[in-house]
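Below, chain A partners chain B and then partners chain C, in two separate complexes.
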Partner chain A sequence: MNKLQTFTPSPARPAPENTVGPAVWLKNNLFSTPLDTVATLLLGYILLTILPGVIDWLFLSANWTGDSQDACVNDGACWVFVSAWSQQFFYGSYPTDELWRVNLSIAMLVVIIAASYQFEKGVREKIIIPLFLLLPVISIAILDGSYLGLERVSTDLWGGFSLNVLLAAASIIVAFPLGFIWALGRRSHMPFARSISIILIEFFRGVPVLALFFMGSVMLPLFFPEGTSVDKLVRVWIVLILFMAGYMAEVFRGGFNAIPQGQYEAADSLGLSYWQKTVLIILPQVIKVSMPNILATFVMLFKNTTFLLIIGIFEMLSTTQTALSNSRWLGGHAEEGYIFVAVVFWTVCFSMSMIATNIERKLNTDHQ
Partner chain B sequence: MTNNPVNRLKTDEEIITISGLNKWYGDFHVLKDIDLTVKQGERIVICGPSGSGKSTLIRCINRLEEFQQGSLVVDGTELIEDVKNIETVRREVGMVFQHFNLFPHLSILENLTLGPIWVQKMPKAEAEAVAMKYLERVKIPDQANKYPGQLSGGQQQRVAIARSLCMSPKIMLFDEPTSALDPEMIKEVLDVMIELAEEGMTMLCVTHEMGFAKKVADRVIFMDAGEIVEQNTPHEFFDSPQVDRTQQFLQQILNH
Partner chain C sequence: MKTKWTWAAAAVAATSMMANAQAGTLEGVKSKGKLSCGVSTGLAGFSQKDEKGGWSGLDVDVCRAVAAAVLGDANKVTYKPLTAKERFTALQSGEIDMLSRNTTWTHTRDTSLGLNFAGTIYYDGAGFMVKKELGVKSATELDGANACIQAGTSTELAIADYFRENKMKYKAVTFDTSDQTRSGFESGRCDFLVSDQSQLYALRIGLKNPAASVVLPEVISKEPLGPVVRQGDDAWFNVVKWSVNAMIEGEYQGVTSANADGMRANGKPGQKRLLGSEGDLGNKLGLSDKWAYNIIKQVGNYSESFERNVGQGSPLKISRGLNAQWSDGGILYSPAMR
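And then the complex of A and B:
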């Protein structure tokens, strides 16, 4: 006679004592081998000798209040320099009464990025992506003002960190689709599209970005019809777009290679057209696998906007240098100035990393 | 084939006509002078050793592979370079792949509605209703909002079958649909395919599931080295194969 037994899983037991707790963490991570112990002690000693001085200079003996360098009486950092120049650092020479326009542009950028998290896919595709693509135009209209009946602010006055941010964003927004089209061209079977794409991609990736900036400010006007003059900032924008598109195209190419052939075949067998297949099936997957590299390219472009100081655009680094050479601030505040620039850029780049990690996690629908 | 009511659906109308088809990969002659006609409602199982060209043959039918010589007519549309013809044929022919090839970035429901919405221009609500109907038929309506990566292999393959059916194809091609599945999951996929066959779908199926072939096929085709070596009814094919090569092959796959 067959008697069926019911299977009951045995209850889970607690983890052994010696695998949890702070003491175990210390032992595993800092003192697990003799060599580790030596390294830990050595590094600890170095940190202990350096850190107090650094903290003292940065915070404890630093000068925080005042409005001229006479206020800097202590030995530490003179943060008064940064606070006194903060408006220039962030907005360049943009008229004080019109700063709301810069703030509005930045706010729009932040709101759209935040909105792309909040809303579901349908809204994202129909509203947020078109808004993103329009953003450069809207921002230019607001900042310039003359199209909207506001007081015109010439681009010579635009500057500071807001310019770094807006210029980078405006370049990325245009370069993203352009780079994708170049990458498609490079994979194309049509010889003409293919060779044009390869030439563009290799040119803009192969020439140093500084050389491109000089070409943009000196050579690009030669290509425009006679009698028209194109604003220097617009020329720089075009250079940044093309440079970025070259890099993006190569990032996308890597992504394309990672998409299994079966995805193309499945799309084909459903009868989707080339563009439907590319936009609906391939593009989203390419973006997903390329996400870490896309972000790295964004960060690189964002930091490269500081090179613009060389051709006389008043982005943050060049405003800092101008402030350093001001006759009322000749006390040698280079450390404070550059540390501040570094901290600001680092904060933004790090936030971009966090956002990207978050997006990656969101896009990862493979195994949940 | 007598008491099966489905056989009444069969007509003598030829839905696929392949004649003198030759294909080369570079110098390698993959398909050699293939002649094959398939009638409306016919169920054909194609078997043969790997590299015999059986997958390549059915992939020619919806033009996933090009061929260099011969002609191939699907439901009155001749497959030539013309993109229009190719798209017409692909709309009428559904395909199920060995590795499912679901779109990983889309939910199950979106996988199913993509074709109807974009190719057939069906309104979204209607496409979703159709999708749910077929998901119920393959018995996984409760997975509609999950993503392919969250499903088992057998479930994914059933979704892939449903995705093809949403396009209401006249012909279904199966390219080793169970070869990538765990043994436990083969049956659930075969059951769906058997049901489909009983409803009168025209099917061409590359598979080594001989039980399936015996049960549903009208004709079994054995291919080797790019040629159709033998074709017959399953009964004749398995009980009295005519060609030595077929006997060898059957011995190998049936007696292991």
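And then the complex of A and C:
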């Protein structure tokens, strides 16, 4: 009788000695050619000479505790400077008792962004998108307070990194639809809408953002009628929105051009109206195609908010410079301050590009 | 330069339209209950923010003095931090009630911008800082040396004039910010550093070894710094002008925040007149009798403010120099308080 034989695969043999192990990895990656070897040794030497000093300055002999400059007795970095000014760096002069309002605004932003990941498409369109558009209004009401019966906090007290984040978010949220409308206008066959859109887009894209800020802060007030002064932060917000909308419009235009003509014709043959066609057929595809550029523009705008320092708004970078000019902190803490700002911005921008990659993967519905 | 004049022209055009309509700042401040005061975004000893977000400094004290005189409370000030470019527009457009932002009183600014300078709170001037090891005792020994200068400041003009006058040569090494200028000086890119005296002391503290550098005695330019108001509102101009004078006169009369109460009750006639227990100086300004009393009680006299912010009581340790009373060898002089 034949016994049914079961097949037991023999265990896989280990890879040949000369293809695994750290020594081989080193040989393949760092010392594979004479040129590689030289480069490795040179870079290694440079790193070895620089790194110990940097690490020592940054961590080992740095000063971590205390609340004034006098606490910095060691040779290393004076992180006391950063910790003493941390509230200013993140919240500006916003009253300490009212900080929950800033935190609440940022929390709402984070929750809405997270929610747009979690929920179904139907919920997203009906609830999350309107919430997004309402967010700037709600945040302003909370931060200002006077509409909600809270203590009024005037905008010259707003500042720090929270201002960078909220201002960038508020600008993006308004600029997104505005840029889309401008892009539609540019493609329109109506001469008036078309020329207005082109003028707006080319003006706000062609003028440096610094010049726009100066116009907003220095020139605009002179043109307002006597007695009406529009808040400086509002003027800057408007400038940021228009600047961003100009860029977004061009990003969308790229998206429009990438949609095959057949999509338009298909929509037309179904008897859809112009707006039905645009909103239901074209817009979703445009957003999908332009997503990498949209997110890159977001990151750019977020970093551009630091330019506000040149018109005296206390966002994070300008708070750092103000802190450096305080007579009790004159001991040369510029390195610590700027490194800290750089780390904070890098962390946030890097997270944004991680999210961007994630969104792109999610949106990628191509046949693979 | 060209853009600067374009701005100035636009500013003049705009102000000439507004000059008449802008009367009544005093009433405006009283009815708002707050003084809106333009200050710098951060200048050691003059207007600086602390970790808690509070403002202090000599320029800030002028804002506080005016608020104390007009509203009776030195804390009723909204500080509007302004950059150098924005400061005059902010005043002309009515966004701020007064400007107290280390602004040099010059002929051009006073006559062509539709503004008035309401006195001098600090007599500054460009000066030199050198390394001690060079053994230089006077600026006349600096022929052929390299100078660290911050680009775009009035100091550039002052040093060029000074060296030409004295038939000396120098090589300018310019930097963008005062921080960079300091590190340039520290790393030996230049032999001496030129800046306004008040800033030299602040820069000196930031050096790794402040004791190794000295500030030379020469002052080569006039930089009188003072508060600015809109032209065409004389009542408000008077209030700001006499608030500054009250601080100076307070020191001259020996009235301090500590003894103001006693002197108001039984001081000399001059002290009583200043503090409002005699005469009606306040009334003539449209203020309460206690206007100067409030200034000195809440902000202090000039000496107190000076020492606290830039003098011996501060890290800057600037000596009084020109900014001493005329009776002590300086040029501070308040017109008669009567």
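The working rule: the second predicted complex is superposed on the first by the 325 of 368 C-alpha atoms of A that agree within 3 Å, B and C clash if a C-alpha of one lies under 4 Å from a C-alpha of the other, contacts with A are read in each partner's own complex, and residues count from 1 in each chain.
Throughout what follows, a contact is a pair of C-beta atoms (placed from the backbone, for glycine too) under 8 Å apart; a residue touches a chain by one contact, two chains touch by 3 or more.
Please read these numbers as outputs of a predicted model, since none were measured by experiment.
Participant: Let me test your reading of the model: by the given contact rule, A:Gln276 touches which partner, first (chain B), second (chain C), both or neither?
Facilitator: first
Participant: In the superposed arrangement, which partner chain does A:Gln321 touch: chain B (first), chain C (second), both, or neither?
Facilitator: A:Gln321 sits against chain C, while chain B stays out of touch.
Participant: Quick one: is A:Phe214 in contact with chain B, with chain C, with both, or with neither? Answer first, second, both or neither.
Facilitator: In the superposed model, A:Phe214 contacts chain C only, not chain B.
Participant: A:Ser116 in the overlay: touching chain B, chain C, both, or neither? Say first, second, both or neither.
Facilitator: Neither partner.
Participant: Who does A:Thr306 touch here: chain B (first), chain C (second), both, or neither?
Facilitator: Neither chain B nor chain C is touched by A:Thr306.
Participant: Look at the residues of chain A and decide whether chain B or chain C touches more of them.
Facilitator: Of chain B and chain C, C contacts more residues of chain A.
Participant: Does chain B (first) or chain C (second) touch A:Ser229, or do both, or does neither?
Facilitator: After superposing on A, A:Ser229 lies in contact with chain C but is clear of chain B.
Participant: With both complexes superposed on chain A, which partner does A:Ser353 reach: first (chain B), second (chain C), both or neither?
Facilitator: In the superposition, A:Ser353 contacts neither chain B nor chain C.
Participant: Applying the document's definition of touch, where does A:Asn293 land relative to chain B and chain C: first, second, both, or neither?
Facilitator: Touch partners of A:Asn293: none, neither chain B nor chain C.
Participant: Chain B touches which residues of chain A in the complex?
Facilitator: 260, 262-263, 265-273, 276, 280-281, 284-285, 288, 363, 365-368
Participant: Give the list of chain C residues in touch with chain A in this complex.
Facilitator: That would be residues 7, 10-11, 14, 18, 21-22, 41-45, 48-53, 78-83, 85-86, 89-90, 92-95, 179, 182, 202, 205-208, 309-310, 314-316 of chain C.
Participant: If you look only at chain A, which of its residues touch chain C in the complex?
Facilitator: Contact set of chain A toward chain C: 84-85, 87-88, 92-94, 154, 156-157, 214, 217-219, 221-224, 226-227, 229, 232, 309-312, 314, 318, 321-328, 330-332, 334.
Participant: Give the list of chain B residues in touch with chain A in this complex.
Facilitator: Residues of chain B touching chain A: 62-64, 87, 90-91, 93-95, 97, 99, 101-105, 114-115, 118-119, 147-150, 163-164, 167.
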